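Please go over the structures that come below.
Two complexes follow with subunit A in common, the first pairing it with subunit B and the second with subunit C.
Our next item is the complex of A and B:
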């Protein structure tokens, strides 16, 4: 038996709810409502915005400039999520089969990297891919390259930065499911003569499929939220929706447009998270 | 295990190299004797680490960030504790809604929360205050202590609670003598999680108070635009060490695999 839940509701417990309730409503609920309201307001430079009802901010999303950014954001998110999941699935499965100590060590590393600020990650990769401190020096030393080169900014550098952020995230979303796969499943396949790789592909992957779908969607949403990597490691043509939102809000002082872009991002994210919940949920029941 | 052999070793080594390489270069660059960003470093020196504390700009940013992280993690835990407790104690719908509201900002792209909070504070005419930043980070990070505390309450042995009830403990006494001592480590890990993430958080700090309060990530990003210096690398190494230390302590004193969702 857990705590007695049929007991008459205590007044103190209701009072206890007041504090988190008020704070969450005021600082989470209210800002979202205001943001949605501002997304249909008109831009007014001195006062941030003026009340109105216009869909012009949303219509902007159909202009080539914004449409292109939106499509690019979706494409890069799909690419990064796919690569991350493809690496994360075998990695998470092998990690879950490792000794407890090995698992702890890797989890420390993954969590530490995951918690690093995008500023730090961007800075570190721009050093690694730079001319003076970078990887190219090593290749020159090894005789594989004539002279040191700078690989940043560029699409490849940006992709590396993205993967550095998203790969640990993908591993950690798959880890719980991977640790629940019965090791005897793969063992049985091998006893029947399947190779290690074959057993993994034909037995483990199908069991993990719902978790993979959920993990892919979550990684996709996570990638959509990256906002500094394209600015540090990419070029302006690599800017994403998240960068555009910051840019409009802070530099162009166009809060209504920023709010409309954010509302679109919010709607897309909520829809995807709901889908991920369903995919993951059906997996747990199976 | 041995039959997983070389494939496993190869994948683990590749992942380790990928995760470590940029950090090794940052650490190397931070040791340069001159104000150059060479790797391997030319000459060895720890002066850039000292400089981070001597230079008034960096020092201010370090103080801002540490104070912000310490206070906002406290706010996050103080909001999470009553929600997690009531989630365990009662089946109230409102509590479950608060739980979702607490976890939500963390699931969504952070720029959305950042913009929402920016517009919120601007509308109130309170743009750019440190206190607002503490509250904003506190709300954003509630998810972490909320999740660790839920794990803590769920892991309490029902028989212990039953025994305390039989001995006549009321809710208040039960909380003080049984529940709190049992969930305290979870509250502490939630606090540490929130602390590390507040320290590293950029976008909300930038949009809520970026022009008045310079936190470390903001300072590094601003410095990036005016050219690189080894001080930035030294500060970045500090971030990696803090994160490694905190999660290392989790692993040392707790069961990290279980905390991250392992069941078996």
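Our next item is the complex of A and C:
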């Protein structure tokens, strides 16, 4: 007790804050710095790499192959994030308004999806969309299709896989905000003559805007890091930069190039996130 | 060699010297005990290979020679080469003998990482096909073939009642969107397959112009390729189901699937199957060169190769006439047709360029 009184409370707080700070620096900051360092090292065919300072790895990004893959990756991540937010907003709103029991069942189901690995999700979708064992057989049985079709690999299959992985994150980010929205807000709009849809779009959506921005950013970042879904469910023209990074790191043992590609992917996504954050933020002020 | 390693070495020598002084009156049994105390560490690919060698191969070797073996699971890719290299700099050998894929074997050879082997300690070397004996530029032995496996033309028998004869089937417009191929140049060896099928051999791959010409020919298969796979399981499942009824795959695994009743077959095309392999190499930091050579020589015996063919399912490195395998046993893992041996050296010298042009070809 005596020691507690002698130490100023601010001091203890600072010490307590030091703990996560040190952990973050050790477990995130350090590996990140190592990656940045390796990205300027020189590739050595016989022995991985040697310490050096070269920008040759970054110069590779100017080649059409990598530049095009970078733009494609950012585009697909933005698309997946946008679609998942469009689905998650009405879903989270309806979920927050439903009975407690329904809410917990859905939340448990969504959390269960998070426990599935990318590999399992990819394989499950490739079976589900296959000609020999997939959903199209059900449609043939129902008389809606004349013969079974293969819907994988392809852009649609890949999008389905991505959305399946990302949607739970979008919903779980939006759900707390949606359940905090005062139901009387929408009711007031309805009393003033707005239709249910109009009340949702003009009253609820603007209130949820900060959570939507956060959910969009999370989905975007998560999609960028996914590298098995485009391999399993996409065609070569759908391979993202993450797929090429994996190839370089795992199969070509070219860690400097893999690190440089990853650093550029990170910088580009930080830039986009900053833009998205500003767009979301200005909406809040309005 | 750094001062630190030299220091360690000298201390080890001193220790060994005093041990010898004590052991001298006792003679041979002491050496036996020393062997038993320090097993020979053999690195094999983790998972299936390690399990199969642990169960069927190492115990037989130990029973016949008295040399104990401790197997070490190697990571895939080239990570093991880097680990061996870093350890050797510190005078350590995480494994005395390692099974290495050809490209990392060549990289290690270029870096001088492998202990030169003594030919007089390897009398069984003569049993091997010459393409399984690897040498430094000055002629010293750097590695010996350990296991080999074929990549062949595989088909689903329900979709293709007629067996195809040539790799050229991949180019047949009738096979649109039906084929599964490995996604990387250095594991599919499709450049070698294309060169052998359409350009009379692998010589054309020696220049960049030639490689581009082969890639242009290979690009013609793109409309037929449904899946460029990295994961074997994904293709095997699709082949068995008939979803992707043709492609390139591992002969041994396909034969096991066929034996399990799946409607699949493996064909050695008239141009030959692709023969890929792993080699035994000894780290220069190993202090058990003698035992390592005894192990490598033992695996070059026809009985050992027959055992490995039967129990591990790989193609023997020893000449066919020396083996007591029945024709059926031999056909499960190998073929006497002239194989297509990958042009490993081009990936070693120009791998980055090949990979980039390859990606442009299949993504573009």
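Assume the second predicted complex is superposed on the first by the 238 of 286 C-alpha atoms of A that agree within 3 Å, B and C clash if a C-alpha of one lies under 4 Å from a C-alpha of the other, contacts with A are read in each partner's own complex, and residues count from 1 in each chain.
Simple rule for what comes next: a contact is a pair of C-beta atoms (placed from the backbone, for glycine too) under 8 Å apart; a residue touches a chain by one contact, two chains touch by 3 or more.
What you see is a predicted model; the values in this text were computed from it and never measured.
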State whether A:67 touches subunit B only (first), subunit C only (second), both chains, or neither. neither
Determine, under the contact definition given at the top, whether A:23 touches first (subunit B), second (subunit C), both, or neither. first
Any idea whether subunit B or subunit C touches more of subunit A? B
Touch check for A:48: first (subunit B), second (subunit C), both, or neither? both
Considering only the touch criterion stated at the top, classify A:132 as touching first (subunit B), second (subunit C), both, or neither. both
Answer with first, second, both or neither: which of subunit B and subunit C does A:232 touch in the superposed model? both
Once chain A of both complexes is superposed, is A:86 in touch with subunit B (first), subunit C (second), both, or neither? neither
Let me test your reading of the model: by the given contact rule, A:262 touches which partner, first (subunit B), second (subunit C), both or neither? first
Touch test for A:274: subunit B only (first), subunit C only (second), both, or neither? neither
Does subunit B (first) or subunit C (second) touch A:175, or do both, or does neither? first
Subunit B and subunit C footprints on subunit A meet at residues 48, 123, 126, 130, 132-133, 232, 250
Which residues of subunit A touch subunit B once you look at their complex with the stated criterion? 1-5, 9-10, 12-13, 16-17, 19-21, 23-25, 27-32, 34-35, 38, 48, 87, 90-91, 94, 96-97, 100, 103-113, 115-128, 130, 132-135, 137, 163-164, 167-168, 172, 175-176, 179-180, 190, 196-197, 221-222, 224-225, 227-228, 232, 242, 245-246, 249-250, 255, 258-259, 262, 265-266, 269-270, 273
For a test of understanding, state which residues of subunit A touch subunit C in their complex under the given definition. 43, 45-48, 63-65, 69, 123, 126, 130-133, 150, 153, 231-232, 235-237, 239, 244, 247, 250-254, 257
Under the definition above, what is the set of subunit B residues touching subunit A in their complex? 1, 3-4, 7-8, 11-12, 15-16, 18-19, 21-23, 25-26, 28-29, 36-39, 78-80, 82-83, 85-86, 88-92, 94-95, 98, 101-102, 104-105, 107-120, 122-123, 135-136, 138-139, 142, 158, 161-162, 165, 171-172, 196-197, 199-203, 206-207, 210, 217, 220-221, 224, 228, 232-233, 236, 239-240, 243-244, 247-248, 250-251, 256-257, 260-264
What does subunit C use to touch subunit A in their complex? 77-78, 82, 85, 107-108, 110-111, 183-184, 186-187, 226-228, 230-231, 234, 238, 241-243, 348, 351-352, 355-356, 359-360, 362-364
